Structures are given as structure tokens and as C-alpha cells.
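Both of the next two complexes hold chain A, though its partner changes from chain B to chain C.
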Partner chain A sequence: MATTDSDSATASQRLDKDTREKLITVVRHTILLTWSFIVLFPLYWLASMSLKPPGTANSLPPDWIFLPTVYNYIQLIQDSGFVAAFANSLIMVSASVVLVLLIGVPAAYVLSRYDIPMERDVLVWILSSRMLPPIAVVLPFFIIFRELNLFDTRIGMVLMYVSINLSLVVWVMKAFFDGIPETLEEAARVDGATQFQGFRKVVLPAAKPGIFSVAIISFIFAWIELLFGLVLTSFEAVPVTLFVYSFIGSRSIEWGMLAAASTAMIVPVVIFLIAVNKYLAAGLSFGVVIKE
Partner chain B sequence: MAKITIDDVTKRFGEGDESIVAVDDVSLDIRDGEFIVFVGPSGSGKSTLMRIVAGLETQTEGDIHIGDELVNQLGPRARDIAMVFQNYALYPNMTVEENMSFGLKMSTDMSADEIEEAVTSAAEMMDIDMLLDDKPGELSGGQQQRVALGRAIVRDPNVFLMDEPLSNLDAKLRAEMRTEINRLQNDLDVTTLYVTHDQTEAMTMGDRLVVLNYGELQQVGTPLECFYRPANQFVAGFLGSPSMNFFEGTVEGGTLRADGFDFDLTERMQSAVGSRNELVLGIRPEDMTLHDRANSGHEFEAVVDVVEPMGSISYVYLQARSQSHEQTFIVETDGQRPISEGQHVYVEIPDRDVHLFDRASGETIHQRQLGDDAEMALEEQMKPAE
Partner chain C sequence: MSTPTQTETTPKSTFARLRDLWNDYLPYWFMAPMVAVMVMITFFPGAYDLYLSLIAEPTLDVFAADFVGLRNFESAFTRGGAIHSFVITITVVASALLLETVLGFVLAALVAGVGSDRAKSFYRVLFIIPMAVAPVSLATIGRIMLNSEIGIIPYVINTGTPFAAPNFLSEVPLLTVILLDAWNWTPFMFIIFYAGLSSVPKTLIEASRVDGAPMWRRYVHVIIPYMKPVVFVATLIRLIDLFRTFGVVYGLTGGGPGTATQLVSINIYEQMFINNQITVAAAIAIVYLVLVVALCNVIIAKVGFEGVWD
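Let's look at the complex of A and B:
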């Protein structure tokens, strides 16, 4: 008898446990679904706006059900200004990311590994380039760019983007290199590598997640930059953001075109993210034990 | 193949008044194939000395020879050494196989096939051949340890350097790896420098110990020599667990008056002591005996403070009944002996097991006696060290 009682008791307990777990799953999914909706709705709104025929994009109440059309996109592609601006941005931003990594990563490595006099001050000096609000420096930049014949040039914009992102790259990568044990390079040197080989074959691969993280962030910061593009370009080096901005006229806003151009702008960022995702997910486990 | 000569090596960090002497004028001859353990507390300069031999630090003064070559100006890559680091320092982006072959690719002209063969055979030796395709992050601490050792032996270097390689392992694994490293070193017969702060590792692993403290060489000798014939009070206290008990005292007419008891110096001790009168008496916990009542008159009364039962033995912390300060000393007793806190016992200090040290300099004045066989065996060991 006693055995049966205890058996049924365990059974009911198990049932309770199962129910509880199911309940937790339901709650968890509800929260996640709600959050996903909050995040994805603006994107949906943008995409749906871009697919509506002209004139109906901003109608209220919104047309929830409509016949999607790629009219806006066709208009966009046929606009040579948009294609030029998009290509401009792709080239300028990519070049700036490569350049900022080429300058910033070695600088961060040196700051992390060597005894630099006044290291703290150097770091703060690098960061200080971002302390003024952009609007405060945009006019001096305009004058400097004009004097140096950099106004409305792609090279000028590349340098501008580099100056925006350099402090970020140096600071983040210095912290990253600080986290990579120096014994890794020492092991490489004992194994017969030169100091440079140690850096290239051991430290740099270990720093990949960090490098790709700052690369994607730098890309996004430069890609969405508007203010400097507005002031420092006029025709040749116009970035895509400026072109998108041009759909906001003084009298009317071309909502459909604006939405289509904005959607198109998201695409390169998403592609870049997917391409480097594997490295971002690689995490920070270095296969070494932290000294106790 | 490779003896190592360390000549008057000094290493100072920093400059001027703020400089710190990490290694202070150390000279040492290490024979080919010898297993040398650098042992000392943290900050003793043992790791720095090893890093100087590796070429990862440059000495401020002095010379290092590996084999017959002066290596002062050579970087680590030119010294034909392999090193195992405390945190293993495995290359995180490479597989185990790539980790092990990296050194061969960097430092030799071996063909890919030869490298693969060398890696496979070293991996089999370390029992990690099934892990060759894994990344270090996927391995357990013990496996990473084995890979780090494998990476060192595959190089077939002149010298192995091991910087506290076992300190991140749990106790059981540490004991296993201790035996394994001993076995490897015996098989490969490569000159090995091993740094540790763990006196158990030091006692069990090395052919000879190099005991360091504050960057200064304290003693060089076989483990048993350092244990039974310590050069000074530091070595005596550092080796052995629990540590040797020390009692400060003053000599008055053939008697050492310590805090809490008097100890009659034997004639041999008296002649060794000479005119000194500030001494430290040292005796190991396992050499003292406890009695329930006074019988020979040589004992002194003490009160049990704490008992630590270890199973087959117990460590009894005691205070002499008439001592003025709080300090306790330790006596090892049979684990089956009933003893409890607060109990009064009589402590015997056998003459033959007593060490005497000069209180000011810490130098050993008088060494304990050993059994005849042990004495002879020890002298046999000490001979080649001369």
C-alpha cells in the first residue's frame, strides 16, 4: 500500500513539474514574441511603405492590405544620382574601414604591449577627438577641407570617416589586446617566431572577434553619417545618406522613395553582418587559463 | 647536449632608486640532462631567472651559456629551448596539431611529412593523439596541460623550461602529471628547468633544487640534502610540510633558554655554537614526541591548542605552558592517539634531530644527526654536486 501511495505522490509531483516547465516555456515565448514584434514592426513599416504605390505610402488609416509594387525601387535604380551616391558610400565607407583598421589595430597593440610614456594621456588625447559635438567642428572642417582641396572628394570623406572611428577602434582593440595573454607571444617567440610573426600568426588571429566587431561598428557609424556629408560634399562625393535626405523636401516628403532608399541602405549592413557573424560569435575564449 | 651556465646574473627592474632587484648575483652550473627545480616563495626571482635563461628577459649583469655558446645577445628563437607556461599559452586559433607543429614550422626546415610524423609520435607519447583536430578551447585543463607539454617535446629542444606548469590543475591531476613529467624527463633526458613554489613538487621532481628568496640563491642541492642539511633557516622553514618549528632563544652556560622551555645543548652543539648566544632552535614536527607524563626530565609541559586529524597522522598545535607569547608550534603524532584541545601534554625534543641557526644571519650552525645509512647515502648524493 505504502509503495503505491509514494508512487502516485511522485507521479503527481512529476506532473506538476511538467506543467510548470510548460508554463515557463509559454511565458518565455510570449515575452520573446512581443519583443520581436516591437523590434521588427518599424522595419516592416518601412518595407511595406516602400512597396506601396505612390501617394498611398502615408495614407491614414494605413492600407494594411495592398498590392505590393516595386515601382519605387525601379524609380530608384533608374535614378543615376542614387546609384552614384550608393556606390560612393560603399567605396568610401569600405575604404575608411580598411584604413581605420590598418591604423587603429597596430596603434592599439603598441599601446597595449609597450611601455609608452604618458600612455593614459595618449589614450585620452585619441578619445578627445570625439568629445566635441560634430556640429561644433563641422564648419572648421569645411574650411580646412576647402583649403586642402579635399572638399567634395572621396578621399576627403574617407579621412573624415577615419577620424570619426579611429578612437573607437583604438580604445576597443587596446582593451581586447590587454585581454590576450602576453605569454601567447612569448610562446610563439620560444617556438621560433619573430616578434612580428608572433603578432601576425598568433595575436592577430586571436583578436579576430574584436577586429570584426570594431569593423562592423565602424562601418555602420560611417554608413549612417549625414552631417559631414551634408557640409563637406556637393556633387562628386555625395554619400547615400545625403541622397536619402534629399527626398525630404521643403514642401513635401516622397515617402515611398524615402522608404525604398532607406530599405536599400540597410542591405549592405545586413550582408556585412552575416558575413562576419561567425567571427563575432567565436567569443572570447582564448584556450588559456587566467592566472589565479 | 646542453649544460647551462649562469654566471653572476643580476636582474634589476626599473631604474635609479626605485629599481627592484629581482635576481641578485646568482651563479649556477646545470649539467646536461639534469632536472633542476627553482623553488621559492612568490617574488623570489625564480620565474625571472628562468625567463632570463629563455631569453624573454635580458639580465642587467652577468652571462648565460647554453651548451658552450654565450647566449646573452640571442633571442628566445635562437636558443633552441621549449617552454611550458603556467597558463599553457596554447594558440587559441589553432588546432592541437597546428599548435604542436607551429614551432617546427617556424624553427626547422623539416618537410610537412616529417613534421606530421613528429607531431603524431609526440601526441601518442602524451596520449593526446585523439585530440589533434580540437581547438584548445574545447579541451579540459588537464588536456590543455598535456598539449602544452606535447608542444614542448615535439621540438626536441636542448632545454625544457617549465614555469609552474601544474599550478592550475586540481590536486589529483597535479600528482598524476608530476609523475608523468618525471617519467618524460627520465625518458628524454633533456636538461630541464622547472619553476615552482610548491615544495612537494620541488622535493619529488628535481635532481637538484635551487632554493631562492628575494632574488638571492639560498642553497643548491639534492632535495634530501636541502631537507636534511639546510644551509640556513629560510631553506629549513621552506622545505617540509608542515614547516619546521623555530624557537628563538639565548644561550646561558650550555643551555638554550627559549620562551617556555630550556634546552640543554650537547657538547657537539656547544662547540659549534662557540661564542654566539642569540640562536634559533629548529625541529621538524615529525621529530618531536608527545608524552602524557614527564619521565626523563627533558620534556616541557604544553597545552593543546588545535588538533588537525589527517587520518594516519594528526597535527597537534601546541603552546608551551609557561610561554609568554601566543605563538604555537606543531607536533605530528599517530592519528590513532586520542588527544583533544586544552589537554596538557609533555613535549620531548630529541637532541639528535635539532638544528641550530644564528638568529641574526639565519645561517645554520648545527645540523641534525642522521642514521648511519642515511648519512652515507646523503653524502653519496652530495658528492657529484661538489
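Let's look at the complex of A and C:
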């Protein structure tokens, strides 16, 4: 490499630095806005379809401008199947989140604070529950649930939802507890608190953001689950995902109502996601990536 | 407290003894429910799948079943289309994982470089939204937007471009599934990579900037090596979850047309509920389970969680 060449190159680069940076900014935002469009357009389309008057939902060329109507939503609320499925999902998923926290958070505390023999293997074993394909898990439970009269019950579904999220809760909460200094509890114990009181009154409040975010992420993973509902319910405990699926399966699809049902399913979760967006990376990476 | 003399003279009450038992063995009480549930959801299904895969048909008394050796495996892998479904699954998992990792990283790097903080958090919040869409709702969206008669996307391609739109659901179903999954879960990679990028020490970036290294070399030589553990964890978790894929494909194509998108999970489901061959389904399930768990454990053992864990 000739020195003069590289010298002149850096000189011209320096000259153009401003324009180059402007160009980079323009390209950067063009790409990011394109992706924003890709993200938003399907959701906009779904929502607009749910607000179109019946019969015009899927006309082409599309009616870009239309008078929004809540007709489809009223139809949906009057559909007892949808209301029951939505309520089922709310109850079953919320109950599973409470249960998975009750089971997982104390265990995570022990894993964080005590020297467990083969701790690493225990943690990988816990993670391995997530590796089991749900279809392989649900097959034995399909047989057992029928013998235990848990088939098509909310309790059965709650147990299955717990099985999806337990590994997540243990891993994320262990990481959160690791980040809380032990001196906090030691101070409480010097004041005469028992170990349990130290956990309940000192550690748990400090771990609140972690518990909150892992609860919401668990809620989402259970809320979007289809397979367990498909295999383990038939009528009583049908979750909302299965209701939407059975809608798709029916011969003459009412597109407007289908879009309304899907929108109703998505909106609460969007709000939840935005509420925990700061802790999402920690939660979704099983607590491995903590910094934000 | 109110009657201290009494407690001194009488032996400890049952309640107090229970409380001592609770406090003395606290770690055990804390661990026991988790371990019990874990045993129930890991060892039990694995063992039961294995048992089912070796018998002729399930009987009320588990010991009364006829063991038939590997016959179920034979029919699964010769007539049941199991091999085909494994190929389809590997194709979907590998392509989606690659696409989501690359897209997620590029988007995270682009957002991390945005100058204004408000624009940054705007993109960060916006880009996570697709994760709120349940796979079955995504299938709904796909069916609405990609339908060759009423879909907006084929319509725009046909009228706005010189190309003719393919029938997404019957001509290129596998590609459609991969793209839909990428829309759904690239945000997962994005948000973890973004957090990882923001934890790269400023001094490290400054040092490389002083060297006058161009941006792409900064990424290749400084940032990506630093990010390796984060990339590893994100891809591992996404890999695990990709093997769980069911809803989006089942809602979109139901495994079809024919068996073009028949993932292993759909194949097992059909063997079980359409062909009523629960033992054949169990044979495929146990193979799938062992392969996935083995693959993930080999990856964990090989790469380890060094640098991110403990």
C-alpha cells in the first residue's frame, strides 16, 4: 500500500464526513421505518378489517377509507362461545401464573442463596423441561387426564400452563435474586427475623420488578398456547386460541368476526408487552442478559 | 408474648413445633414443589412416551399391555412419513433461526446507533409488538392477507408490480411459514441483542473508534466477539422454542398442502387424532424428544454458559 494513497483517502473521507454521516442516518432510518411498516401493517390490516361493516371486510380493491363500525365486536360479545373461551383463558392463564410463581420463586431463591450439589446440572435439567416438545408431553397427559377426570377441565389446563413456564420463572428469578445483595437479608436476620421473614419482607420486595416481568411473560406464553387446548379440551375449558382456530376451521369464514376475535386477543398482550419492555430482555433470555 | 410464664413451663405447642420445622428445613420446603412438578413434566412424559411406543395398544392396566418391540417405530418411519416430517422441521427451524438471528442483530445494531433517545425508545417499543401475536392469530393474519382471492398482498403484487403473485399457501407454503415465524419472533432476538449491545462498554467502542476502524470492522472484531455469549443464549432459547412450533403451521396450512408443511409436531398430532394410532405417535414423539433434548444439551455442553452464567 502506498502511503500517499491512503493519506489522500483519509483526507477525502474527512472532507465528506458530514455528508457521509447524514447519508448513514438517512439509510438507517429508511431501513428502520421499513421494518416499522412491516411490523405495523398486518396489525393495522387486522384491526381495520375488524372495524369494517359486514360484507366489505375483504373487498378488493380495499376500501381504504370507511366508516368504522363495532358491528363485528358486538356480534362477538353476543357469541357465547367466544365470551366463554375468553373468560376461560383469562381465568386459566392467570391462575397458572399465580401457581407458577408460588412454585418457582421460592425454588429460585434457594438456588440463588444455597450451595446446591450439582447446581449447574439441576439448572440444565430445569431448562430441559422447556426443550421437551409440547406434543410429546401432551400425549401421556391426554391419557392420564382422562383417567383422572382432568380432561377438559380448567385445573388440568392450569397444570399444563404451569409446565410451560416453570423453567422460565426459576431461571429468571434466580438471576434476579443473584443481583440482590445478601447483606440485605443478613441485616434483617441480625434484627431477629427468621430466614423466611427475611425472604418475604426484604428479598421479595426488592425483586418486585423481576416478579412482575416474569409474571407477564409467563402470562403471554400461556395465553398464546394452542396445542394443549386442542388436545386436552373439548367444550368446558376451551381457551381463546382454540376458539380462534375453530373459527378458521369452519367452512364459511366470517372474516370480520375472525379479525375482531384475533384483535381482541392481541390488544391486551400488546399493552402487557409495552408495560414490561424494560425487563423484556432479561425475562426472555431466561435471566441471562440482565443489563439494559 | 402475653403469657410468657406459660410458654416457659409447658412444652412447645404444635404450632411452634411446626414453625420450627418450617424454618429449619426452609430450603427443602422451597424446593420440594418445584422438584415435584419438574419430575412430573420431564421424567413422566418421557417414560410414558417410551412405554407407549413399545406396546400394541394402551390398556387400563399398564402391565397388561402387549409389548411389540420396535414395530411402532418401524411403521412410523416407513409408512408414517416421520422422516419427511423431520426434514421439514429441520428446514423450518434452521431457516427461521438463521433469518431471525441475522435480522434481529441488524435491527438491534441499527436501533442502537440511532442518535436521539426518543426515536430509540420508539423503535425499541414498536419492534417488540409482533411477539404479542399468538401463533394462531398469526395464522389468521396470514390467511387473511395472503389468500389468493381476497388477500391484500397478492393483490398489491399483481396490480402494483409486473410480477404475478404466487399462491403463498399452496405453492410456497414452507417459505410462507418461515417468513411468518420470522415476523413473529425476530423481535425476540432483537430485544435480547439490543440489551446486549447496550451493555458493550463505551470504552471498548471508543478505543476502536480512535483506531479509525470502519464500522463493519468494529462490529466484526470488537462488538460481535464481546456479544458472543448473548448471541449464544438468544439463539439457544430460540432454537428450543422453534422446536415447539405448532400453532402457526396448524392454523395456516394444517400441515398441507399434502404433507408439504408437516412438522414433526403436526405429524404426531395427526397420527394420534386422525389415524388414531397413539402408539405410533408415541414412537415419533420419543424420537423427537430425545433428538431435541440431546441436541440442546450437546450445544450447552460444548459452548457452555461461560461469560454469562455464574
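Assume the second predicted complex is superposed on the first by the 223 of 292 C-alpha atoms of A that agree within 3 Å, B and C clash if a C-alpha of one lies under 4 Å from a C-alpha of the other, contacts with A are read in each partner's own complex, and residues count from 1 in each chain.
Here is the rule we go by: a residue touches a chain if its C-beta (ideal position, glycine included) is under 8 Å from a C-beta of that chain, and two chains touch if they have at least 3 such contacts.
Please read all numbers here as calculations on a predicted model, not as lab measurements.
Of the two partner chains placed by the overlay, only chain C lies in contact with A:Y109; chain B stays clear of it.
In the superposed model, A:F37 makes contact with neither chain B nor chain C. In the superposed three-chain model, the partner touching more residues of chain A is C, compared with the other of chain B and chain C.
In the superposition on chain A, contact is made by A:P181 with chain B only, not with chain C.
Touch criterion met: A:T194 reaches chain B and chain C at once.
In the superposition on chain A, the residues of chain A touched by chain B in one structure and by chain C in the other are 194, 285-286, 288-289, 291-292. Of all residues in chain C, those touching chain A in their complex are 22-23, 26-27, 29-31, 33-35, 37-38, 40-42, 44-46, 48-49, 52, 58, 107, 110-111, 113-115, 123-137, 139-141, 143-145, 147, 150, 152, 155, 159, 183, 188, 191-192, 194-196, 198-199, 212, 229-230, 233-234, 237, 240-241, 243-244, 246-247, 250-251, 264-265, 268-269, 272-273, 278, 281-282, 285-286, 288-289, 292-293, 296-297, 300, 305, 308-310.
Within the complex formed with chain B, the chain A residues making contact are 181, 183-184, 186-194, 197, 201-202, 205-206, 208, 285-292.
Across the complex, chain B meets chain A through its residues 54-56, 75-77, 81-83, 85-94, 102-103, 106-108, 135-137, 139, 141, 144, 151, 155, 161, 167-168.
Looking at the complex, you find that chain A touches chain C at residues 10, 25, 28-29, 31-32, 35-36, 38-40, 42-43, 45-46, 49, 58, 60-62, 102-104, 106-107, 109-110, 114, 120, 124-137, 139-144, 162-163, 166, 170, 194-196, 220, 223-227, 230-231, 241, 244-245, 247-248, 253, 255, 258-259, 262, 265-266, 269-270, 272-274, 277, 280-282, 284-286, 288-289, 291-292.
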